[in-house]
Amino acid sequence: MANKMINFRNDYNSPGHPAVLRAVAECAGVKYPGYGTDAASERARSQIAGLLGPGRCADIHFLAGGTQVNLTALSAFLRPHEAVIAPGSAHIYVHETGAIEATGHKVLTVPPVNGKVRAEDVRAVCKSHTDEHMVKPRLLYISQTTELGTVYTKAELSSLREVCDVCGLLFYIDGARLGYALSSEYCDFELRELAGLADVFYIGGTKNGLLFGEALVICNLKLTSDFRFLVKQHGGLLSKGFLLGIQFTALLEGGLYFDLAKQANDAAAKLTEGLRNKGFSFLTETESNQVFPIVPEDAIKRLEENIHFEVWAGADEKGTPIRFVTTWLTTDEEIEAVLGMIR
Amino acid sequence: MANKMINFRNDYNSPGHPAVLRAVAECAGVKYPGYGTDAASERARSQIAGLLGPGRCADIHFLAGGTQVNLTALSAFLRPHEAVIAPGSAHIYVHETGAIEATGHKVLTVPPVNGKVRAEDVRAVCKSHTDEHMVKPRLLYISQTTELGTVYTKAELSSLREVCDVCGLLFYIDGARLGYALSSEYCDFELRELAGLADVFYIGGTKNGLLFGEALVICNLKLTSDFRFLVKQHGGLLSKGFLLGIQFTALLEGGLYFDLAKQANDAAAKLTEGLRNKGFSFLTETESNQVFPIVPEDAIKRLEENIHFEVWAGADEKGTPIRFVTTWLTTDEEIEAVLGMIR
Amino acid sequence: MANKMINFRNDYNSPGHPAVLRAVAECAGVKYPGYGTDAASERARSQIAGLLGPGRCADIHFLAGGTQVNLTALSAFLRPHEAVIAPGSAHIYVHETGAIEATGHKVLTVPPVNGKVRAEDVRAVCKSHTDEHMVKPRLLYISQTTELGTVYTKAELSSLREVCDVCGLLFYIDGARLGYALSSEYCDFELRELAGLADVFYIGGTKNGLLFGEALVICNLKLTSDFRFLVKQHGGLLSKGFLLGIQFTALLEGGLYFDLAKQANDAAAKLTEGLRNKGFSFLTETESNQVFPIVPEDAIKRLEENIHFEVWAGADEKGTPIRFVTTWLTTDEEIEAVLGMIR
Amino acid sequence: MANKMINFRNDYNSPGHPAVLRAVAECAGVKYPGYGTDAASERARSQIAGLLGPGRCADIHFLAGGTQVNLTALSAFLRPHEAVIAPGSAHIYVHETGAIEATGHKVLTVPPVNGKVRAEDVRAVCKSHTDEHMVKPRLLYISQTTELGTVYTKAELSSLREVCDVCGLLFYIDGARLGYALSSEYCDFELRELAGLADVFYIGGTKNGLLFGEALVICNLKLTSDFRFLVKQHGGLLSKGFLLGIQFTALLEGGLYFDLAKQANDAAAKLTEGLRNKGFSFLTETESNQVFPIVPEDAIKRLEENIHFEVWAGADEKGTPIRFVTTWLTTDEEIEAVLGMIR
């Protein structure tokens, strides 16, 4: 239809990849044990373990969504007086309705630079927390890719690991868009290297092809004790946990998970290129599947007639930053359509 | 195959009904707004509203699982010092890892009689809580069907409603198996009558054909304010909320939801009849899709070779109560097989 | 004056012992560092350490009240899914407005026998908690004296210690009335032996001569880490912490703390003897400073005209149990007066 | 003695004013009902009510300390998703070990200007919190005097009240040092006017002559329901509540409370004057009992040999800000001594 809207609003706007839907449908007649104790979940855990590299043990749990993962994991690892350090732009700080604080823990912020946390800022927060009248910083939260779609390099992650070691912090990486990060040209490391740096991270499925599902990987084995109790207590232990195993297996098989992310990144790069050619500048470099052009006010109104996207921030003299998000479903036609409409 | 196990362990052991899987697959190419603000969710809400009867307004929310619903709803409605009254066998009391207490609220118990709560016991708990040194009872939690598969009659629910009114309690009905209750021959009322008695209840999907999903119905409009904030804070606001709308619509369409439950109840009745004919007695009457025969110790070992089921309680002189759960997938052959194996 | 009421209602109805008031007054001109880091607090900690016996290290903290101590300590020692086992009559279960649950933890109950917990009941609760769908019992709470004023013997405490070891439980003793217990003729052990059996306990001051103040003794050194953070977070870190040190020192000096308790116990014994001679029976043996005679309904009305006391429970065919609590202030005249009034 | 240290570290370094100690001592023989239900507490409540002006009803509660008051009150008034707005320097944000977050609530900050919150910054925070993915601002917290000892004027408080009305915020004033504020020359209003602007505030006793004790005044009667339950749940319901009533009465009688604060403010003014005459500059104007001179590094070392005070912040090119706090106990000799030592 002519008036069909093009959707660049986010990467969770369609049910899921056909391979995922097919896998679920194929198991329709099978009977499974509950709560993730099934063979499909076991297989998905093995596949992920395989990606972590030889000799690395990890505890792997499947949950339904990112906020659920963050609040369950962070509250599981912290004592009541311990706090999280996160960038001021962090999803847990701004966009999860105080979920971490609702479990009793303060989130201390550092100013993000290009979406990223700097080791020196983490160190400063730790140094300023000196006694029992203040919370005790205990965990560093970052996301990869960042909220701006930028990608930490191995050197950057290593410097954060180092400050965590010095300051006695756990290192947690929110991987809602980890597939996009690992498939980015800006990424100079593999999953197994990430697993060597983080205490805990998760591999996001919802934003990259699954109906729903995130795989939490606890690399630091001191943190694994009784974790399933915490998942259950927060309502995250899906009775049909096998659905998570079935879906992850479908996407991890043959590396489809990374291929889809690569497709989305390529689409974002193409869109960026086209916008740059038209003279637009950007809030930040496009490093994964998010594009942040700065556009004039009147362009926004026009675009909104045909395209779903997000106005990212208020206008300044250069214009208004908006956000386009691509996925494996983004087509060249859609990109051309956007480029045709924008001036 | 000869060694294929028959599964009577629970009602959430298979992915979902074909109509549900089909509905999801058919929407694979569609793009939706997030977080349940889509047309599919809107349609499912309308279908449920239609079941509540004319002139009844209610606030309807879709969530992924029962524990999630219980903890979100109960903690949304209570101030910090307010407590829940529930039967000692309640799912929230025994089987949700202290999820309600984790939100800060005490659960006070009354002894269940045939799985059910009696009004006089509720009144006694309220009377014994007299001042600010004790928690303040504020909400009555029951489940329909009960943990024993029994079904509250309209008179029973009305007497509970009455004690709630007298004691200033909200009345909450956990409907993880509400479909089975409403389709039971022992049930003398319809959904719209339930909606007139409860302040809040939910319609369970996971245990009756959905991949996952529960529909929370807030009938008392004083309780609806800001509810989505609470859902988000507890990690229950599914980004692909449209999946819940699509699924519920598929089952509610044409009453399939109730037909499936009826099928399961019929299977349970047939199994009960067969067992009774063989001379078995029961822990309780079979009123829905759960059957609790009391069997000799040696029968358990033999059954476990071919059948998944649950040992419900310790043995006494009459034998050991076990539990068989039926679903829309239960076949006559499976029932015959059980009857053939048990002596 | 003729119409002055005699007060047997509780053991916290007067400001404090003259020695305590004098000690505070004498320090009026002194300047102290805050938050219990002062020399007076240090001295009180040394005095208590001295009572624990040679070679025992313990972490000692002073707080203002019993509920504050209980909620701070228990929540400091437990992870979110871990639960407390306590008698159904426990102060934390019945009379602290859900303070423990407000910190997120379930309290599981066992039926008290003569006010006391039995090891076999604790074991049964632990055995019935089998997996991640249920909370994990982690701490046994009892009080010494019990809510009925009875006193655990060394053998009883040892059997509870044993079940704690077997079941992986911490052993916590609420000592709001520990002085009365240790000064009781029914007590066959000393404080240093208690310190060898419990992981944590506290020595109650408010109910035995202090203006306010309890001394928490953490014997299990694995539990001491960062404890002051928890105290501060719960609002229990008194800025003028030196007041607690000054008061405890005043009472511990020369064993006055135990002498006062002994006086109260003796008064209770005398009152019991008098009542027994008049033919009254008792809810339980008088083992410390609480007396529970069973009296006829009309006696209550008459007594209430001149005496403050508590009606303990509902009437049965034998009469109504009431409670008299004695303190170091209780006089022979007051006892005689009660005996004169009661028939 | 020659080596006696002079104490300018804080205003809670001595037990209490003689009038307070005397009042407690005089009641040593009296027996009281518990938990603040006594006549002494009632009298203190009446005295405070008298200060609120005619026709103003308020609910008044006595608690033991400021952190206890803050966490109890704020968590009593907020639903789980509601947040507090406070200056980044707020005691609840920096120096209470995450007590507010431990009750589940996020604290959002605005940058303090001269210690004070500006209405426009509050409005901006509210405007940026737009939907259920973010917490909902619901209460504005300030302290009077501020953390820098500055004093809000009536116009400033009125503009904050206005923004609270516009944005649907409750207005809470932490009055740990309210006496100093009301006795300040910089203060252009009286307690009854404050009571007309704030929903809730407290009158701090610990920092101005009491052994311990704060009086919480709930002016907004919609917030009073069941408040004692919350106090008890957080361990703040002192069993010997009468001690708080006795103390407050002693200080409020004849306005001694304000006289003591005035003395301290005068001492601070004198110290400021002396320092200014010696050429020192200040971090901020001295408006109450805190003085913040900026001193050279070597002065600090010398002062520390004889004086207790606090280094307030890191050095910059102008020097290091330090803090002197005065009380009713501060003598001219002590001020002269400081002035003699500092260069």
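As written, the chains take the letters A, B, C and D, and residue 1 is the first residue of each chain.
Keep this in mind: contacts are C-beta pairs under 8 Å (C-beta built on N, C-alpha and C of every residue); 3 or more make two chains touch, one makes a residue touch a chain.
For clarity, every value in this text was computed on a predicted model and none was experimentally measured.
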item	value
Partner chains that chain B and chain C have in common	A, D
Chain pair, A-C or A-B, that carries the greater number of C-beta contacts	A-B
Farthest chain relative to chain D (centres taken as mean CA coordinates)	B
Inter-chain centre distance, chain A versus chain D - centres from mean C-alpha coordinates, in Å	43
Inter-chain centre distance, chain A versus chain B - centres from mean C-alpha coordinates, in Å	34
Rounded Å distance between chain A and chain C, as computed from the means of their C-alpha atoms	51
Multi-chain contact residues (two or more partners), chain B	80-81, 96-98, 102-104, 132-133, 135, 229, 232-233, 237
Touch list for chain A against partner chain C, complex	75-76, 79-81, 103-104, 132-133, 135-136, 226, 228-233, 237
Chain A-touching residues of chain D, taken from the complex the two chains share	80-81, 83, 94-98, 101-107, 132-135
Residues of chain B that touch chain A when the two form their complex	5, 7, 9-10, 12-16, 18, 21, 24-25, 27-34, 64-72, 96-99, 102, 206-207, 211-212, 229, 232-240, 242-243, 246, 308, 329
